[in-house]
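What follows are several structures.
One chain, chain A, appears in both complexes that follow, with chain B as partner in the first and chain C in the second.
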Partner chain A sequence: MPAPLNAATVGPAPRARGWRTGGWVLIALLPLFLCAAYLVPFLGVANWSITLPEPGLGQYARVATDPGVHSVIWRTLRICALVTLLAVILAYLLTYVWIHGNRPMRILAEICIIVPFWISVLSRAFGWLVVLYNRGILNTWAQDLGILSEPLTLVRNDVGVVIGMVHFLVPFAVFPIASVMRGLDTRVLMAARGMGAGRLRTFWEVFVPMTMPGIFGSAVIVFVFSLGFFVTPALLGGGRSIMIAEYVYVQIFQASNWGLAAALSVTMIVIVSLLLLALMRLTRVEKLVR
Partner chain B sequence: MHDDTSGGSDARARGMMAEATPFLRASGIEKHYGQTRALDGISLDIANGEFLTLLGPSGSGKTTFLMILSGFVSASAGSLHELGTDITRRPPEARDYGMVFQGYALFPHMSVEDNVAFPLRVRGMERGTRRTLVHDMLARVGLAAHARKKVSQLSGGQQQRVALARALVFRPRVLLLDEPLSALDKNLREQMQAELRSLQRDSDTTFVFVTHDQAEALHLSNRIAIFDQGRLQQVGSPEDVYERPENRFVAEFLGQINLFPVSGLRAEAGRMTGAFEGTALVAPERALAPGAAHLAVRPENLRITAARPEGAVNALQASVEEAVYGGARINLVLRTASGTPVLCDLPAGSDAGLVTPGSPVWLSWEPEKCLLLPQDA
Partner chain C sequence: MGTYRPGPVAILLAVLAGLFLLAPMLAVIPMSFTPFRYLKMPEGELSLRHYRTIWENADWHASIWLSVRVGLVASSIATFLATAFSLGMWYVQPRLKALLIGFVMLPMIVPPVVSAVILYFFMSWLAKAAPAIGYDTFWGVVISHVVMVVPFAVVVVMVALSQIDRRIEMAARGMGASIWQASAWVILPNIGFGLVAAWVMAFVLSWEEIAVTLFITSINAITLPRRIWMGLRDNVDPAVAAISVILIVITLAVVLGRILWRETRK
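Our next item is the complex of A and B:
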């Protein structure tokens, strides 16, 4: 029997195999950790939602019918939608400067994007409190300069919550947009100009549509992230503008209604999962993080 | 109907008269990037309706020059005039030139017809007229059936046609093309070359075409401008630049050529004689700096014989080193007695007995079939 090429003597390159098994170990570490730290506790929470105070779907019925719960959910969705809109617009402009601006502008944009990552969410919330409250920097200066006759109420309401959240989320919104803008073939923009389109038209009819996947990905990430916000709304909302995470906290630590808190948590997880699933269906996620 | 066929020749006739009022005139164009000079004093007139090719190796400045014509890159020095009007600082959208980019630069978020309609929409043309023009144009490039597809669903050749249709649909006076065929395979490239030529003929548009492919340049152009190291080396018809290269770069860049260093040049009765390895060689006279030069002869202009041909002015003894069969032609590598390699390109079947490796032969050529090139460069 002819043996044109002996597989045993040629064989695969030995390194490839070792790398493959090593690769699996590297990939498996994170899922294992996530299972232990998130999945198992989550199953416990899911269990509470159908067993506390007594077994059954009573807590879910309350989530579905209680007007108080509904108003919190609606406020959360409303604030998050507004925050998403503002954060994505600001991030888009910032990213545009970061990628297409001249050198000093680029550095400035980079500072605006990177520095917030180094400052804790607590410091930032308190920082905004100092700026925004009735006798804060903004109101005092505006009154001293005669721009305002009486202070604007900027905290302990939705306005403060939105400002604080947008500030926190803009850097996160930047990256999906940046990866799309960076990958954009600038010759396409040149082509539009060459065919007679001015700068503004090229921006609206070519640049914006072509960066839509980035805008979309950024919006989903910001929206999903914002749904779970706790510290910023708690501090800047001052207990008046309550969002879902704070409501869950109150149910556990003040109302001792663990079952309702658990049912709300499960509901939120389901909503977020559905949103992420839709994102994966509509765009290729790996493109957004390159 | 009656003037349809004369449109192209009119354009060429106008091109001939361009000496008086150049359609496009570039004068002393320079482009500096820091210390490097991408373009170093380019002066070139472009005639209305001609097919001009900018040819050169990569980094020669040909694309930079095209970008300056388009307005996307501004010149560091020099000026650009269109029919006498200074357009050096005119932005690209105001120049009204069509452009086909390397990689096509189609709008990926639009359908084929929307891509082609874009320049018309920008010009505020109303929907009905726009549709007619777009569909006429798509039919002309053979894409009528693909109008509603997304550009990503098309093959490379089809995308190329969309790019052409989009660049021509608004009837620009000038179409600038940056290596548009380089991504296509050989057969498709040849087909597109033919289409480009006929589009140019029918559209009465001036084409300025950038390529590094010398065969493409020779096939397509009315005139070729050869670039190297940011300088214009020679401008002329394909025949001019191939048959009468002005310097060594042009001679070697277009096709293959044998260069024999000759010394002690003397002029005599319209011819010049110089010595190469002890043999006198004769070429048409040419104004040259005194001293040594190169005598250049194309491989296809050499003849091979067993004995020295009677009355031959230029003849060298050589031996065949290698013979490569190439279908219609046979390519030979020979060596002269002192070891200088010589390339020879013969029609297949001619003098078959002589083209076996090792056989001693005589190389000869007419003085009119060779030329002298300055030594430097």
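Our next item is the complex of A and C:
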């Protein structure tokens, strides 16, 4: 039965009872599901980290002091920093052409960015294996052309891991840069050219500083993403170049050391939260300055 | 010169970056036609044997079929939960909005390997409490995939809702519609495209999911990515090249189709 029209039902911010409870029922489903399937199990993992194999903070002490764990953490940070640098540079170049190029250039750049984005991480890692391994395309060509006499070892080491990870992360690095470049007023660039600045000088002294927030945002996103990376390092590192995610996998499925895996998981969550908090602080400062 | 355009050096460097991005996808094409049983480039003679493996082998079929079913169910549940959540937030606009949104975004922000450990814990516990939906089962994979893809669906649905005019909700309310009537007949039909986009996104993410799936399955529930992973780990199976080429061709067709559709409409 339709309710009569009156102030209670037509007001600018109606808070009819049925709507409010109905709205909360709609809201509640997803958080309840995630509480059961994600939050409570996370508390379980946190509990593992302080009870397995015996109660106490032994696993965290190990994370803080064990040289094996440290070498894995350092390698992870080193590789992620290098990957972030390379991925942001490549993404910047591609986005530059994607946003500011003419129509054919824009379409080609878009294909180069979007197609890899939608292709499975496994197919992409496998593709690099085909290119890089000892009898792969790169080594075969280089030897046929006489550039190399011995094949270069490009997989099962850090080189393969870095190449594969950069390739995976470039599309993710593109989006924050693209949103800044799109909002840019290109008349400023025309003005710089008009006043006699060369292409290079306009690019370095006007364009790059104006897109700095995009570069920064993209670097943080890529770095955070790369920290928990599992598949590419496992396939292209071939068990030699172990990063933290693969180390966690090994602790659970080979070493049966669930406590250490849990302690590392909690540590990673803390590190990522700190990084994201720093990002939010810095972007706010950024806004104040502008 | 009317607009600002990249110079030749920038274009050359961008072309190199583009080639870098396409290289591994181009490389798997010749490899998929290799006549050898191991990872070796074809020398002269080409063979379709690895495509035949994908076409005939029951293991590959079972994995593809499992991934299709998991994807359909997981993306439908995820889209439903995401739509209910976003719609409720849109109606109520609660004071804790930012906190609630932050909470449901967690599986997207937390490093995948940590999510994998969390879901491994959950699935191991379910394996004791309710073995039919726990570790290494169809429903176990579905639940885990819903957790992992639901934040992306929430983002897409929320963007769609932000585009529609609040006054249509006011009008429905004013004419005495209940929240359910207004949702079903007024709001949802208006965000139909967003719902489809959220569902497709969720399906693709579930179809490709590997990091979490590796932790929560073992010998029964072998999804397609997990089978590809098995084909890559020890002795690399060139059948992986064949399935990769098939997936790349499908992706390329969809992306090119979309670009073509957009460009010709202008």
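FYI, the second predicted complex is superposed on the first by the 247 of 290 C-alpha atoms of A that agree within 3 Å, B and C clash if a C-alpha of one lies under 4 Å from a C-alpha of the other, contacts with A are read in each partner's own complex, and residues count from 1 in each chain.
In this text, a contact is a pair of C-beta atoms (placed from the backbone, for glycine too) under 8 Å apart; a residue touches a chain by one contact, two chains touch by 3 or more.
What you see is a predicted model, and the numbers here were worked out from it, not measured in a lab.
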Touching partner for A:Ser265 - first (chain B), second (chain C), both, neither: second
Chain B versus chain C as contact partner of A:Leu274, first or second or both or neither: neither
Which superposed partner A:Pro209 touches (first chain B, second chain C, both, neither): first
Residue contacts on chain A - larger count, chain B or chain C: C
Partner chain(s) touched by A:His100 [first = chain B, second = chain C, both, neither]: second
Which of chain B and chain C A:Met190 touches, first, second, both or neither: both
Partner chain in contact with A:Ala81 - chain B first, chain C second, else both or neither: neither
First, second, both or neither for A:Ile252, with chain B first and chain C second: second
Contacts of A:Leu108 with chain B and chain C, given as first, second, both or neither: second
Contacts on chain A seen with chain B and repeated with chain C across the two complexes: 190, 193
Sites on chain A touched by chain B in the complex: 185, 187-188, 190-198, 201, 205-206, 209-210, 212
Contact footprint of chain A on chain B as seen in their complex: 70-72, 91-99, 101-103, 105-109, 118-119, 122-123, 166-167, 170, 176
Residues of chain C defined as touching chain A within the complex: 3-7, 9-11, 13-14, 17-18, 20-25, 27-28, 31, 39-41, 81-82, 84-85, 87-89, 91-92, 94, 100, 103-104, 106-107, 109-122, 125, 143-144, 146-147, 150, 154, 170, 173-176, 178-180, 183, 204, 208, 210-211, 214-215, 225, 228-229, 232-233, 236, 240-241, 244, 247-248, 251-252, 254-256, 259, 263
Chain C-touching residues of chain A, taken from the complex the two chains share: 2-5, 9-10, 12, 14, 16, 18-20, 22-31, 33-34, 37-42, 44-45, 48, 90, 93-94, 96-97, 100-102, 105, 107-116, 118-131, 133, 135-137, 140, 167, 170, 186, 189-190, 193, 199-200, 203, 224, 227-231, 235, 244-245, 248-249, 252, 261-262, 265, 268-269, 272, 276
